[in-house]
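Multiple structures follow.
Two complexes come next, and they have one chain in common, chain A, joined by chain B in the first and chain C in the second.
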Partner chain A sequence: MHDVLEKLSRCVEHGKVDRSSAFPPELRGEPGADELCREALAGGVPPQQILSDALVTGMARIGERFARGKAFVPHMLLSARAMTAAMAHLRPFFASGEVRRRGVFVVGTVAGDLHDIGKNIVAMMVEGAGWEVVDLGVDVGAERFLAELEARPGAVVGLSAMLTTTMVNMAKIVADLRVRHPARQILVGGAPLDAEFARSVGASFYSPDPQGAIEHLRSLAA
Partner chain B sequence: MDRIARLRSALGRGVLVGDGATGTELQWLGLGPGACGEAWNLSAPDQVRRVHRRYLAAGAQLLTSNTFGGTPLALARHGLGERAADLNRAGARLAREVAGERAFALGDMGPCGGLLEPHGDVPLPRAAEAFRRQAAALLEGGADAILVETMSDPAEAALAVEAALQAGARLVLATFAFQRVPDGFRTMMGADVAGAVAVALAAGAEGVGANCGTELSLDDYLRLTSELSAAAGSAAVLVQPNAGSPALQAGRAVYPTGPEAFAAAAPRLAAAGARIVGGCCGTGPAHIAAVRAALVGGPGGAALPGPEVPR
Partner chain C sequence: MRPDRPGAAAPEVLHFRFSFAEVQPDPADLCCALGYPPGEVPEVALDAIQGIVERGEGHWSAHGGCVVLPDLGVDRARRRLAAGGLSFEAGEVVCGQLSRATEVAAFLCTVGPGIGDLMSALMSSGDPFTSYVASWMGSLAVERVADRLQEALGERAAARGLRLTNRYSPGYCGWPVSDQQKLFRLLPPGFCDVRLTETSLMQPIKSVSGFIGLGERAVENPYTCDRCEMANCISRTVRAARTAARPGPPR
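So, the complex of A and B:
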């Protein structure tokens, strides 16, 4: 593997956005995700390989540490920021079709719920795993998901709920989506949820952490 | 002796019974899923009073104002940012009015409503100002002391504690929401027990502890209480666990831990060092009545604890 890709994946894992980023201390003054991604492209590394061998790899490493309780929300946010800085240089290749995404992920926090931290982290992780992400924001009802799915027949749906009260709204949204989309992949997550709840409302998959969702998505795209 | 002196004295001598959840109780009374509970301090004060009265009757010695999401930043998400002072003042007034001389009224302050810089996009001075405005209104409304709760970021907890003291609070308590990790307990932002407690105490909190949390059993809370006690030194420890993790039954969230099981843990929590035992999500007056019986004995609604009131 290219040395620059290994360095880039480490920057994503540790959340080093660019040369000026103070964190992590051992990489102070070194190039960050921004510079390394440009360097890789200038050096002729195919953008597809940058995505899969550096960005996806780096996000997978931090996601796996998060799932084990060895990394926390601040680390995830830093990594996502570094991944986003690198991803900005790959966007033209998505548009041209030179880099293929694994699929489309339509995500939102359910109606009545205004919490976005968990949803944002999942959205960034999924983007870092090579998917196109359509983030509908917070307080999203079934109608908006249905409208988005009209235009995107293969899209996977992600629903987030932070409150026990809005879990109930999540159940209703899944039921509404199921009328038109009985076989659609619908992933659910959020602090008060568990696998039993996900099954009972008719969701396809639940994970207590973003990495579980990433692995499930990978199995779908394989 | 004034209430603060009595509260300090009571915390030094024994265990006080907190109240239970406010949000889930208001939902029983018709608050819609995801709706702004704080708005009821002005639009439905009788319902908020009713919750406080039930907890007082159950034997709670601390009543927590219905102002958890009451910073101007958090209220702005419901379009009520401009009403922050009125809603907090009204919330504190309701708790104080019901508490009378039989309980202490805590002005409740939850997280500010966004992630602080550098992790998120809320500048520290903006959060500090939001907490100051909330605390000032709570004290105007008659809160005896301030409870900063459900914190994940110690820096945010410190801002809230300092803001409350600057606004004139004479006693501030601060509690964090923890989750279990392989090497103990951490907040969502990764703070461990000792680190979170140290930051809150350095900011001026007189009591520290835990409330809510993710997937924490009462056995977890027992271990957590021991860790909190070790970290708190001479400061009081307060714990307010959830009634377990919710499951959906017939279209509504149901908390699995009933009053008896919840109360059975209370003496163990006290033995591990807790000076205030109350409840968070899913706990109601029945849980608090059972805790009261397990910890203090006798019927609820006793006189305000203090040195001049024998118990």
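So, the complex of A and C:
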């Protein structure tokens, strides 16, 4: 692997946005994700390789630490911030088709629920895993998911609920989606959920943490 | 705290405005909520907190109030509450906790739309971390508004020989969030400049509503986390972090 890619993946993992970022202290004064991504592109590293070998790798590392309880929500968000800084330089290559996404992930917090931190983390991790993410936001009903799926036939759906009182809305949304999309991959997550609930409402997959969702998506794209 | 009475002809309506200084979260609580143990808060988090504080009062419009209703009815068998001529499917936990109350205050508190707008702007600009910090700051600040309101309500109740219960909100402890529609019908129109969406969510986003019981035999419990399934609520998060930081005998 190019040295610059290893440095870039390390910046993503540790949340180093650019040279001016004081965090993490051990990288103070060093170039961050912003500068290193530009350096890699200027050095002729293919954008697809930057995405796969640096951004995806860095986000996977922080995701694995999170899943093992060795990193916490702020760490994930700092990593996502660094990833976003680097990703900004790759966006033109997504548009041109030079960099291919692994798929499309349509995600939202279910109707009646405005909790978005968990949904945001999953969305950023999935984007960092090489997927195009369509984030519908919070308080999203079945109609909006259905409209998005009409335009994106191969998309995977992600639903988040943080309250036991909004899990019933999740069940209704899954049921509504199943009428027109019986085989669609529907991933569900949120603090009060479990695998049994996911099965009972007809969801395809449940994971208690973002990394599980990433690994499931990876298996779908393989 | 500046009390005023928008419902001068209806003296049971209380309304208070607060400066940001009065409801600004305790930095230690904020750091706990963010997940950092005391003494291990990185500079990046402190900078983010300071940056939001320095944006000034313009982002905050803190106020809250309540309507005190003297006709609380609790049907524990059916897990329902009745107040103001309306019935609420409040669930087992809330009905149990309010069973000794004889009156109920329907309350609504907010810190205004500014902090939600700031969160959205930060998120859109690719800074989910500072948006997360702003979100927690807003959540803790609106709880401070509710604390202040509860203190003021408690003083008035004490003067009448009454005590308060804890406060309970639709969406928690098994109380459906859809009951928020009925709760808002107990409040004056446009109260605290908070509106409900069709799905019963409040706008501005950093707002809280609910019931507080009043009664001679009403009881405020030190905590009721063991009765609630909400794993990531503010009270639980801050309490757990404080307990981990300052171990002591169980209460």
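Things to note:
The working rule: the second predicted complex is superposed on the first by the 222 of 222 C-alpha atoms of A that agree within 3 Å, B and C clash if a C-alpha of one lies under 4 Å from a C-alpha of the other, contacts with A are read in each partner's own complex, and residues count from 1 in each chain.
What we mean here is this: contacts are C-beta pairs under 8 Å (C-beta built on N, C-alpha and C of every residue); 3 or more make two chains touch, one makes a residue touch a chain.
Please read all numbers here as calculations on a predicted model, not as lab measurements.
The superposed arrangement places chain B and chain C in clashing positions on chain A. By the touch criterion defined above, A:L90 lies against neither chain B nor chain C after alignment on the C-alpha atoms of chain A. When both complexes are overlaid on chain A, the residue A:L217 reaches neither chain B nor chain C. In the superposition on chain A, contact of A:I186 is made with neither chain B nor chain C.
In the superposition on chain A, no contact is made by A:I173 with either chain B or chain C. By the document's definition of touching, both partners, chain B and chain C, reach A:F72.
Looking at the shared chain after the overlay, A:I50 reaches neither chain B nor chain C. In the superposition on chain A, contact of A:C37 is made with neither chain B nor chain C. Using the contact criterion defined above for the overlaid structures, shared-chain residue A:D194 touches chain B, although it does not reach chain C.
When the shared chain is aligned, no partner comes close enough to touch A:A142: not chain B, not chain C. Among the options 2-10, 56-64, 254-262 or 290-298, the segment of chain B that ends up inside chain C in the superposed model is 56-64.
Within chain A, the residues touching chain B in one complex and chain C in the other are 72-74, 77-78, 111-114, 117, 139, 163-166, 169, 191-192.
Contact residues on chain A toward chain B in their complex (touch as defined above): 68-75, 77-78, 111-114, 117, 139, 163-169, 171, 191-192, 194, 196-197, 200-201. Here chain C touches chain A in the complex through residues 34-36, 42-45, 47, 123, 126-129, 132, 135, 170-172, 174-178, 197, 199-201, 205, 229-232, going by the rule given at the top. Interface residues of chain A facing chain C in the complex, by the touch rule stated above, are 15, 21-25, 72-74, 77-78, 80-81, 84-85, 88, 111-115, 117, 120, 124, 139, 141, 162-166, 169, 191-192. Residue ranges of chain B in contact with chain A, taken from their complex: 23-24, 27, 32-35, 77-78, 115, 119-120, 152, 179-183, 186-190, 214, 245-248, 251-253, 255, 281-282.
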